[in-house]
Amino acid sequence: MLTRRNYSVKEMLGWTRRYIYIFVILSLIPVILYSVFKWYWLHLPWLPIGLVGTALAFIISFKNNASYGRLWEARKIWGGIVNASRSFAIMVNDFITNEHAKDHYSEDELFKIKKQLIMRHVTWMTSLRHALRTPKPWELSSKNKSDKEYMEGIQINERKFTLAAELDGYVTEDDKQFILSKNNKQTACINLQSKQLRKLKESGHIWEFSFLEMEQMMVEFFTLQGKAERIKNFPYPRQFATLNRFFIWIFVALLPFGMMHEFDKIGNIVLELVETWKPYPEGGFHHVIEFIGNHFVWFTIPFSIVISWIFHTMERIGE
Amino acid sequence: MLTRRNYSVKEMLGWTRRYIYIFVILSLIPVILYSVFKWYWLHLPWLPIGLVGTALAFIISFKNNASYGRLWEARKIWGGIVNASRSFAIMVNDFITNEHAKDHYSEDELFKIKKQLIMRHVTWMTSLRHALRTPKPWELSSKNKSDKEYMEGIQINERKFTLAAELDGYVTEDDKQFILSKNNKQTACINLQSKQLRKLKESGHIWEFSFLEMEQMMVEFFTLQGKAERIKNFPYPRQFATLNRFFIWIFVALLPFGMMHEFDKIGNIVLELVETWKPYPEGGFHHVIEFIGNHFVWFTIPFSIVISWIFHTMERIGE
Amino acid sequence: MLTRRNYSVKEMLGWTRRYIYIFVILSLIPVILYSVFKWYWLHLPWLPIGLVGTALAFIISFKNNASYGRLWEARKIWGGIVNASRSFAIMVNDFITNEHAKDHYSEDELFKIKKQLIMRHVTWMTSLRHALRTPKPWELSSKNKSDKEYMEGIQINERKFTLAAELDGYVTEDDKQFILSKNNKQTACINLQSKQLRKLKESGHIWEFSFLEMEQMMVEFFTLQGKAERIKNFPYPRQFATLNRFFIWIFVALLPFGMMHEFDKIGNIVLELVETWKPYPEGGFHHVIEFIGNHFVWFTIPFSIVISWIFHTMERIGE
Amino acid sequence: MLTRRNYSVKEMLGWTRRYIYIFVILSLIPVILYSVFKWYWLHLPWLPIGLVGTALAFIISFKNNASYGRLWEARKIWGGIVNASRSFAIMVNDFITNEHAKDHYSEDELFKIKKQLIMRHVTWMTSLRHALRTPKPWELSSKNKSDKEYMEGIQINERKFTLAAELDGYVTEDDKQFILSKNNKQTACINLQSKQLRKLKESGHIWEFSFLEMEQMMVEFFTLQGKAERIKNFPYPRQFATLNRFFIWIFVALLPFGMMHEFDKIGNIVLELVETWKPYPEGGFHHVIEFIGNHFVWFTIPFSIVISWIFHTMERIGE
Amino acid sequence: MLTRRNYSVKEMLGWTRRYIYIFVILSLIPVILYSVFKWYWLHLPWLPIGLVGTALAFIISFKNNASYGRLWEARKIWGGIVNASRSFAIMVNDFITNEHAKDHYSEDELFKIKKQLIMRHVTWMTSLRHALRTPKPWELSSKNKSDKEYMEGIQINERKFTLAAELDGYVTEDDKQFILSKNNKQTACINLQSKQLRKLKESGHIWEFSFLEMEQMMVEFFTLQGKAERIKNFPYPRQFATLNRFFIWIFVALLPFGMMHEFDKIGNIVLELVETWKPYPEGGFHHVIEFIGNHFVWFTIPFSIVISWIFHTMERIGE
């Protein structure tokens, strides 16, 4: 899920390099069998293959659409966290006052409390970030060679620093131990926030109704966190994804069989044309065309690679 | 609705095994009639069949899209229950206090009450889980042989333990009897929760406005429960599903009739080519190609199976 | 909108019987003209017809998708009413107390009030159910013969009992007269509920803030009722529906013209094949094939019916 | 956006009459050139035209889907206004009381105030209705001849009466002057409502918390009004609409060129058939078929019109 | 994203002028090679190209749909800001009163405060507007020549005046310095608003519960601002966009190769026809048709340009 840059043609070809090798092999083998070994019966009718291609184009379009939907939703969640954090900040600033308090705090004390809440909020975001970077079995990019290579160029903070290291200085040692001891560290952060808010309410530094609003904000954070975890833990259903991949490879494998004969026919037409010209150019140029006509079936290879590449890349891009 | 694992090709073939047998039979019969009994008139024009195939590809894509939408919604509901439960937990923790209470409870007493609420919440989730596992008439996977076989490998807790057994230790005996006596056990749980919250409010251990918030949470649980029940009780409309299946089988049955002649033509072309080569390879190799040419129509079978399999699996996967 | 059962092939054929007769006629006429009267010029190129078919497949898919969306939304509204009713029930149970009341009511009096509110809520649901069953001009199923026949087998309570009869015993006679005198009976019910809630608030049996929550619930009921009425009163836009139907019939009518010639060609090929075999089977069997070849164009009829049926049923199912 | 009636075939043909004339001309010209002037080179390969047709079918389907989405949303907004108005009505009825008031009003005075609020609400709806009827530059139906003709049959109240005339009797003269003096008259209405609610709150006739609820309702009205204005002011993006139209006309213009040759070929086949029959029917009937064969290319015209009409109407209907 | 005007055909051609030149070159080169240099082997089978075209039509339709979705969402956000601003205005008007105040302010003082809040709200909108106009790397319209030319005709206020200049007179000098010193100027505005609201609450000029409502409005503004920033910062995923563009160019480049031979065949048919007529028109007219027949392949160019233009414009329009 890379969304920040424009891709150049070169990059795309580089990224899909390994697949292009496979397409070359998949189209080379039948052409060699056909052309060199003269297995002229290696031939499938094009129309059913075309139908499979059309069906695949649909399925992939729908899949990419769903994939885009997920990306967009992920972006929304992230945006939601930003918005909610800003709102939380003004609440911390303007809801924590001495107005209803039993013991008046000094400005400094209030500032320290506010800072503590904001810092712990940052801790929540850090924990969430780390949780979302844990590799999952279905994330192919950590296994797949082409992606691995690509990923190496990108620095991921979450894999360089441990959570414990990043928390230093943001929360007290006690809080840190508590958070790290829990399984779901993000939830622990919010629980701590809620506890402190409750104490502030009890001491009167947060008005009881403001407290309810701020608890609502905690609920909102849980919701956003839950949504982010859901996106992370629920990939595009595996059975769809596996089948799409499988269908694509069937299609790619059938493709040259459907086209070789077409190209061969074109070659024959060229040869016939050349023969009817006979009188015309007597030079070596004539032999070149004859040669092309005889080996026209080899053009199946680049053409088949281009189409395979389009379909395969279309499928891969939405992963 | 299996979402946790990658499928291997072998698994997929295993899962669809029974259907593949049918495809074999459906394509074998016309080919035998055509090739052995020489019913050369068994032939349908390909283009209308192709049109039906295109139309099917659409319908199935839309269906799978709707199916994915349902899956995603189900996941959202489940995520919603997780989020709401976490929010409920911080409310139980921080809203139940002695602050406004008439009789102060000891920390232990408060803890016991909190635990009771949380435990009853777990009971609600357990009841809901059991309710969602009840088999429904339109759920084919419990009748269909291929799915049954597959399902046997998966252990479902809800079918091993009864609800009554699972509730032990979570709620008091009274509550348990009350819950089990009701038809909709989940609703009974929430009703009990609401009753206890009301008592806590009346004794002042929940501030009246916090009580309103917590009742809102009950409303939220009802909403989530209702959504889960809805997903369960409202499958993809049966009339669409039945027709799609029916269309697929019509398509699969017509497929070999549209392709046999095409393959036969290819065979004839191969034979012609062989004849024009005559002088060329005199060895046994020549007879092989002649043999292939004469029986080329038999290639209809694997090709037709592959296409049938693609369309059928596409349709089945979204069920 | 039938969602409860699986359809068998027989049922589907039964349901679409009348249309199948029309398809038979529509394909029989051109074939007779072609084959018996030898109007061999009755022939249209297939490809443009195929294009129309592809376009139709799209439009119908989108329509069915929208149709499914409406069905799903209807189900959501119904689910919403269930959820809101359950929430209303716990509110009635736990918000109506003597806590803030000026005059304490006995448990019995409270129970009577609670029952009255719940009963009136049932009345609201009954009125809504009746309102949603009123036939509308665009609902074809009450006019269309095939559907009528089908519908006769289904008992609809709302058409057996009048609303007045169903209300008996649920509300007081006064309320009943008031409700029945209004145009929009559902709205009248909610107005009555709100009036009683207000009285309970004024006498202190509902705390003022709980009253606000319960009024919010009334707003929710209005919303759900409005949504249900909207789904009822706003069918899939008529102009789309009419055109789709019209396009389908154009397509069905053109279909045999595009296929007759194709089938005739196949017949000729069969005849040629038979002639080249001459020496081979001398028996009566030979004549059978010759007969089939000569009348192959008649196969247009079943094939055209199957395709017409697929497209037409696809269109009808989403209605 | 007509949603109330069923269209008959006649109406549809009447409505699209003018376009049908254009289709006749667009297909007549090439056929005359081809058939009469013998410009046999007026011929384009069908397959690329078919591809354009398929692409158009997609684009139009998506557009119609979006169009249906807008229609549905418009209906939702309208339904939302109905629901909110009903809710506002019960609030006016049950929130305005003497309970917290400093000066008790008589029942009559309260009724007068309530009526004033409801009447002003009606004024808001009237103003909104008028605002939504103002013609916009991109609304083709006021310029396009076919639509104009059609529209004449429909009476639009908003174009018969001015807003000033319709407001008489609903609001006081002062309010009326204030509303009419503003640009956005709907907003002015709500501002007036809010002012009166505030006064009622200050005099204690609305409890302060009920006032907050009612202000929330004003916010809701602003939201609904804003949504209605948005749907009105933001048509389907013009660049999409213009291009779709343009693509359709390109397609319609290319259509006969792609089909003429096909029909001519069919004609030739018919002629050949007639010749091989020679001995057979010697009557005048023979000449009829020969005549049809020779002029078969003229069948391009109706066929091309039908397809043009389908594609064009499909595009227009979603406008 | 231009939504305000109708496009004329001329404008569209003008806008896509530069691309049309490329299409001319891309189709001219192969035709010259084929026709002048007699490279008759420059020929690809049409059907696979058609399949690519169909697949592209899907992908582009989906992309345009997503693009329309974004446009619509952007419009919704803008509408949301309008609605929220109106609601904020009535709140400022009717929530800021002397009712609960410790020190009564004069009407003038209250008006000044209200004006200050409204003015600062305008400042927020101005800052947001400026933020949304900052050019981003993936916004092609600032780099692409065709778009640049087009854009020159449109005056963008945000690029003529700096934010500092526009703020003059709306906020106090202190506020202005504070806002301009921040990175995210919009957020700074809301923070200032919240601070003043808090002061007004503390001095009692806003009732504490009204204050909570107004803070909710601040949260709403943050949400809308965040949504607008999200739409701005998250374009249609770059990998999809780049690939679509790339696929289109592959398709456009392959197009003439697939069609040249078809047109050449048509030319040959024309020539044959002319020969069979021989006796018929002996004038110069005959030579014209012969000439057309011989050079029919050149018609590939306009036809290929039209199809390229349709596909390319379809893709560009959704950008």
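The chains carry the letters A, B, C, D and E, assigned in the order they are written, with residues numbered from 1 in each.
Here is the rule we use: a residue touches a chain if its C-beta (ideal position, glycine included) is under 8 Å from a C-beta of that chain, and two chains touch if they have at least 3 such contacts.
Keep in mind the model is a prediction, meaning the values are calculated, not measured.
Note on connectivity: the fewest steps through touching chains from chain D to chain E is 1. Of all chains in the assembly, those touching chain C and also chain E are D.
Of all residue numbers that take part in the contact between chain A and chain B, under half occur on both sides, making this a different-residue interface. The geometric centre of chain A is 39 Å away from that of chain D, both derived from CA atoms. Look at where the CA atoms of chain A average out and do the same for chain E: the two points lie 24 Å apart. Residue positions of chain C with contacts to 2 or more other chains are 47, 50, 54, 58, 61-62, 65, 209.
Taken together, the chain C residues at the contact with chain D in this complex read 39-41, 43-45, 47-48, 50-52, 54-55, 58-59, 61-62, 65-66, 137-138, 187, 190-191, 194-195, 197-198, 202, 208-209, 212, 215-216, 218-219, 222-223, 225-227, 229-230, 234, 236-240, 242-243, 246-247, 250, 254, 261. Residues 2-7, 9, 12, 46-47, 50, 53-54, 56-58, 61-62, 64-65, 68, 71-72, 75-76, 79-80, 82-83, 86-87, 89-91, 93-95, 97, 99, 207, 209-210, 213, 259, 262-263, 266-267, 269-270, 273, 289, 292-293, 296, 299, 303, 306-307, 310-311, 313-314, 317-318 of chain A are the ones that touch chain E when the two sit in their complex.
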